[in-house]
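Naming follows writing order (A, B, C and D), and every chain is counted from residue 1.
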């Protein structure tokens, strides 16, 4: 079973997003303190994302959004950039009717890896990042994770105490 | 989503079992204080039990048994008693290779409903009962519950504090 | 892909059935000349029969029964006889609502293998036997066969010419 | 069940393809006389194509290609043309490893509907067209068709006699 880091969990770097879809306003992790954040990094033409990761993100969104969990999709294009641009992503989002917010990870100069993907040291897609109510990274997982395990991890994070009021930025 | 009862959760009645399978010694809820117990009530010829409930119980057993969760199957025969007796159940357990412990709910005189099923007021099969680390019933659910929700509930129960040492019997 | 025998296909032995379920009258292969017969040999407590063979037999029955195909289930109990008797099978048929006719293969004296299973030299369950419109065995298959292949075989058998009128018994 | 047209089946119009993928040389229906052709019209960002149609086309290709069946994918883009161009399709084909030949339906001037899609009067994607060994259209089906039915139709077409030698073009 994927293991939590606990005491020494690093703070989650801010999301660097070029454009947001499926949300009336940009999202910031700092504004989500107190909620568990399930960050799902994907590419629209990645088979494992479409068969497993994205449907699971949708299920988590539907089951847990009213219980203190925020699901955020992150389009971390690191290959085939020319055919997975914002226009293609918008069609993809429209056709598949994903209902959770999705941010387009900001491209970086001189490298194929977008900025948030770099900041989180993600190795590929689909990747799942669990961020606790204090804004710390508690799990990063590349590939498949089953619903029972993921539910168990989310349940445990939801049971942790609320953080004290936070006046920093993120 | 199925809801926990929390403060006013009733204590789980003792299991009344005629015979245990898949365990070297009889199980008692009182001896499982400190662990989360997932009680799965089934009948071997109930289609929903076989397609959904029993495979889910097996998954919970495999994922969580080393993390403080005990899965217990309970064969609550309330119809067709003559073809779901202990011999038939033993063949069923052998053929399907379920790996969690199963108790045969003790038949009651003068009624088709076995004793534990009566004590828990179970309405049918498959039924799922979640018992917390203090031995209280936190959820009873008849029918299908998906893995993500169930994982979330188990995760939250696992995050609750250990009960104080208990000297009562159960 | 499972292969047809064609020219030298042996005639299908008569079914030796102790009792019929799901049919107003006993079935005889001889009376089904002109139809393709899909014979599905199963045991009610065989996991592969329940997860694969029986649902497939049900699908074949629903898709092809009005197009010249007869599905027949055959309960070929060769182990655990005491818990898979006629009463147990009736409960099983009722609970799962299989809609095709099922015959109970006639027990044989002094051996665990029932008579039709012996006559067809079946090696276990689930087994599928395809019998052509002339009453000859064209395929015997132990285990899993996928729907696309099975559909293809049935389609080819349905395309074969009708046999001449047959006055023999079977 | 989808029904064959039989006697009055119209000849299949020639494929009008701008570019072929997954094949060393362009395909022509006229050169496939004697084989059953399964034409699968899809768009790479159509959810039903990805969840059902394309995996089924792949299965048909694997099961029947050595038995006289040719599977041909046809990328019939009729919406969102700018994000489903040849470059995007090549990435899609590469990522999903479809192994059957795919032709890009030739765009038509002044309309969103490509030429072959128009010639076959296809109503959307996924669409399945079954072409018999004489080159006639025997089935057109928009949407989902299950493997058992499709296998049955292919089996029947494979059982039809070979056409006489054909000297026309197509």
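The definition used in the following text is that contacts are C-beta pairs under 8 Å (C-beta built on N, C-alpha and C of every residue); 3 or more make two chains touch, one makes a residue touch a chain.
By chain, UniProt protein names: A, B, C, D = Redoxin domain-containing protein.
Because the structure is predicted, anything quoted here is derived from the model rather than measured.
**Q** Name, by label, each chain that touches both members of the pair chain A and chain B.
**A** The shared contacts of chain A and chain B amount to nothing, since no chain touches both.
**Q** Answer with same or different: of all residue numbers used at the interface between chain A and chain D, are over half used by both copies?
**A** Mostly the same residues.
**Q** Roughly how far is chain A from chain C, going centre to centre by Cα mean, in whole Å?
**A** Taking the mean C-alpha position of each chain, the two centres sit 52 Å apart.
**Q** If you average the Cα atoms of chain A and of chain D to get two centres, how far apart are those centres in Å?
**A** 38
**Q** Would you kindly tell me how far, in whole Å, the mean C-alpha position of chain D lies from that of chain C?
**A** Centre-to-centre distance between chain C and chain D: 35 Å.
**Q** By residue number and range, which residues of chain C touch two or more other chains?
**A** Residues of chain C never touch two or more of the other chains.
**Q** Edges wherever two chains touch, nodes for the chains themselves; is that graph a line, a ring, a star, complete, or other here?
**A** Contact pattern: a closed ring, each chain touching exactly two others.
**Q** Can you name every pair of chains that touch?
**A** Pairs flagged as touching, ordered by label: A-B, A-D, B-C, C-D.
**Q** For chain B, which residues are in contact with chain A within the complex?
**A** Interface residues on chain B, with respect to chain A: 1, 59-60, 63-64, 67, 146-160.
**Q** In the complex, go through chain D and note every residue touching chain A.
**A** 45-47, 50, 80, 82-85, 87-88, 91-92, 95-96
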